[in-house]
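Listed after this line are the structures, all set down as structure tokens.
In the two assemblies presented below, chain A is common to both, partnered first by chain B and then by chain C.
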Partner chain A sequence: MNLEPVVQNLVFGLFVGGLYGIAAVGLSLVFGVMKVLNVAHGALVMLGGYASFWIFTWYGIDPFAAILITAPLLFLLGFALHVGLFRFVTRLGEEAKIKNSLLISFGLTLVLENLAIKLWTADERAITTGYAGEGVTLAGVIFPYTRMGAFAVAVLAIALLHFFLNRSYAGKAIRATAEDWEAASLMGINVQRTYVVAFAIGTALAGVAGALVGVAYTIAPSIGLAWTLKALVVVVLAGMGSIVGAFGAGILLGEAEALSVYVFGSSYREVVGLVLFLLVLLLRPQGLFGRR
Partner chain B sequence: MLKIDDIYVAYDDLQALWGVSLEVEAGEIVVLIGPNGAGKSTLMRAIAGLQPPSRGRILLDGATIHQLPAHSVVERGVVLIPEGRRLFGGMTVLENLQLGAYATKARDVHVETLRRVFEIFPILEERRGQAAGTLSGGQQQMLAIGRALMGLPRLLLLDEPSLGLAPLVVRDIFEVLREINKDGVTLLLAEQNARMALGVAQRAYILEQGRVAGQGTGQEMLQSDHIRRAYLGQLGPIEEAKP
Partner chain C sequence: MLRAAMAPTGLALQRTRQLATAAVVAGFILAALLLPQFTQRRDVINLFFLMYLYITLAQSWNILAGYGGQINLGHAAFFGIGALTTRTLWTEQDFPFAAALLAGGAASVLFALVVGIPTFRLRGVYFAIGTLAMAEALRLTIANLLPNITSLPGPVIARYDLEPRYYLALALALCTAVTVYLLPRTRLSLGILAVREDEEAAQALGVNPLVHKLIALALSSFFAGLAGGVFAYYHVSYYSSFAFSPNWTFDAVLASFVGGIGTLAGPIVGGSFFILVRERLAVSLVDVHQIIFGVLFIVVVLTLPGGLVEASSRLRSAVRRLLHHALNV
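So, the complex of A and B:
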């Protein structure tokens, strides 16, 4: 039996899984800290993709370097979105918070998607660098530079986030707020400020994810909901509050999809994630890496 | 030091405090006793800034603090150890202590304060890398007190520090509280364990159905018939507390 197609699929699954991971981490952070569900997360991924695309197209800046501009831009956007929209739901009770944040972020998705169509047309775009389409071939298996680079940046970004949350005072304040916001406020932590910072970081991570999608795959105004769905599946697979777990679950989803494409054909690709989603909810509702 | 002036507190449609006034002088140990649901926790939460009063004032050294958010109240040296301790169970002992010193002034000296806390509770130094949620009840209460001390309190509020602890552990905890008070920290504690609390307190207030139903020195309270009947389980059956 020829193993090359299987290995090739697994390699691509790993690379796309890294992107699922980075897309999910931002959503997980925002949900874990604020207990709001931001379904506009995918639309923010889309915006991050366009930001990098235009920075590359207008200024010729390499898309990997452009992340250093895209991430701060999206951080500021996240700050503004929190102050302008999400701040108002954070004081509500648990259930009202989820419902209201769903409505707000769904509306935001529609606004951002249509704005993107208006401004940039509905065309699919890809950042085409000089090295796009090139790669190394090892034993017949192709490793494209762009996808390898995107995976490496995703790993780096998640490692940085993990380090920030575990080592810095601000990061510990975010974790404390996620665990018990009232107790956190009794430590002298300004909980509202922590929410803004967490939301802005979550948005910046969406920006990084979008930039990587733009360089390794394609972007279009309509990709938002698909990325929100992927991120949601990954967050449920991983369980709440686990950053490294979200990354692992992202890779798991990427590999599961890749294998299913090989076995059942590409038309079942989207089904796999949702089946995993249901199985985890049924058998292990706290997630694969979550605490009860 | 602390003056509570005729405060009313309501949760949604439930009125919990009706015109409560009390005072705590610097250096004192004052205890609030009263049955479950009398409003002790509500009063503690109101002082800490978690449950703002709808009427009345709370003054710290003459300045009002009742409109301040909880994190600003901490900055002024008022630290609450809430009911049930509310440790960050998934974080380590050391991280819990570090978070206790989050407020700016406390953070500047947190290394020295940490050394002092480890002197008081050597077990916390041994268990520094362990998740707080895996400690025993007594150790958790020590961590809760240690975490509060990290915030450099001038006034320490303790809501039911003896809840769920073995009698011997409770005795140790009260011994530590007495030590902390000797170091110059003023204490206000809400306790159902009235005998132990009245033993260490200079003064006490009785809270019943959201109102102050009596006050006196710790010794006076221990002698009072009403207290003995209602809270110390002596002299026959417990009567229904009357406001």
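So, the complex of A and C:
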């Protein structure tokens, strides 16, 4: 039996899994710290993709370099969204907070998606660089530059986030707030400010994910729901609020989808993740890597 | 003393108001019944058909969300199953339409119970995202299995008449409205409301939360399935997966919330308003109504949990206060 296509599939699964990881990490951070469920996360991924696309199209800046502009832009957007919308739910009790944030972000998704259609049409787009479609071939297996680069940036971004959360004061404040906001507030941490920072970082991470999706795959206004679902699937697999677990779960989902092609055929690729998700929700609601 | 003296007047006033409401409602129903006799304009009949369909859809979502307290983001699955079952039985298996329609509602309930028993073990947000994932998985599966456009058979198209469709949608909207009207008036639904407010407390009083949530879900999915069946009866041709599109869920959520969740009038106001705005704007621009309703929805969630219905009652009492002041001064 010829193994090359199988290995090729696993390699692609790994690369796309890295993107699932980076898309989920932002959602997971926001949920873990604020108990805000932002289903507009996928729409923010979409906006990040368009930001990079236009920076590339108008100014000819390489999409990987453009992330250095896209991420701060989305950081600011996250800041504004928190101050304008999500700030109002952070003082509610936990259950009401989750429910209201879910509803607000649902409305936000509709607004962002339809604004994007209005501004940029519903067409699918991709950032087509000079090296798009090229890659390294090793033993008959292709490693495209764009997907490899996207994977590398995803790993780098998650490593940076991990470093930030564990080493810096602001990062430790975020973790402390996630652990127990009342105790954190008694220790002199400004909880409301920590929330803004966490939400803005989560949005910036969505922006990075979107930029990478734009380079390695395609973007369109309607991709928001699909990416929200991917991120939710990964977050639930990993256990709500687990950052490093989210990356592992992202790769797990990427590989599960890649392998599912051999069992159910390529047209059920998207269904596999969702069924996996429902199974985990029912059998292990705390996630694969989470503790109860 | 004063209070005792005022009490009978208060009751009488309430009685008068109830009678006035009943008269207005009866007037609306009569006008709806007579509408096709007064106009032959297909666009007008179509508009009202869509309004009734959306009222039903929003009201059916409202049963579970507003009264049961469960945010279901997979409502499209119930609508889709109703549409698919009704269409298949009616056009391909030669069932009488009424039987196919009821079978669509029943299939929807069956599916809802199969999904509901495991997902109701999950609290709050897990139920919302679980149903969202379930509906998307189902939509993608249907798009794979039935990739083709489903069309009404030639003889049906040749005899296509808008009027029975109009009356069917109207009847269904009225049925859901009556059901929601009766909801807070039966022992069963008091249980549903108790579970919404506090599951533990309800359980302590001997109300089984799972059973009551399942009953609310069954009612909700039954009417959503029937709405799907009416859609299958009305729409000439569409992709089978279109009836499973997440937009059916989103529109129902928007209409219920903007109108006023957990009330009888909310989804009626919200559904009509939604269709009026959508159809008005559809002529000139694409999907701007989604932006408008998205913003309205956020405003309602943040500042006005009672939706338009509450806004109008607040406005009315403000006007009454103003008048009162003006007359007294």
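The rule is simple: the second predicted complex is superposed on the first by the 292 of 292 C-alpha atoms of A that agree within 3 Å, B and C clash if a C-alpha of one lies under 4 Å from a C-alpha of the other, contacts with A are read in each partner's own complex, and residues count from 1 in each chain.
Note that a residue touches a chain if its C-beta (ideal position, glycine included) is under 8 Å from a C-beta of that chain, and two chains touch if they have at least 3 such contacts.
This structure is a prediction, so every number in the text was calculated from the model and none was measured.
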For A:191, using the defined touch cut-off, is the partner it touches chain B, chain C, both, or neither? Pick first, second, both or neither. first
What is the contact status of A:277 with respect to chain B (first) and chain C (second): first, second, both, or neither? second
Winner on chain A touched-residue count between chain B and chain C: chain C
Looking at A:229 after the superposition, I want to know if it touches chain B, chain C, both of them or none. Which is it: first, second, both, neither? second
Doubly contacted residues of chain A, that is, touched by chain B and again by chain C: none
Chain B touches which residues of chain A in the complex? 169, 172-173, 175-176, 179-180, 182-191, 241, 291
Given the complex with chain C, which residues does chain A contribute to the contact? 37, 39, 85, 88, 95, 98-100, 102-104, 106-111, 113-115, 117-118, 225, 229, 232-233, 236, 267-268, 270-271, 274-275, 277-278, 281-282, 285
Could you pull out which chain B residues touch chain A in their complex? 48-50, 69-71, 74-75, 79-80, 82, 86-91, 95, 98-100, 102-104, 106-107, 147, 151
Chain C to chain A touching residues, read off their complex: 71, 73, 118-119, 121-122, 124-126, 128-130, 132-134, 136-137, 140-141, 144, 246, 250, 253-254, 257, 285-288, 290-291, 293-295, 297-298, 301-302
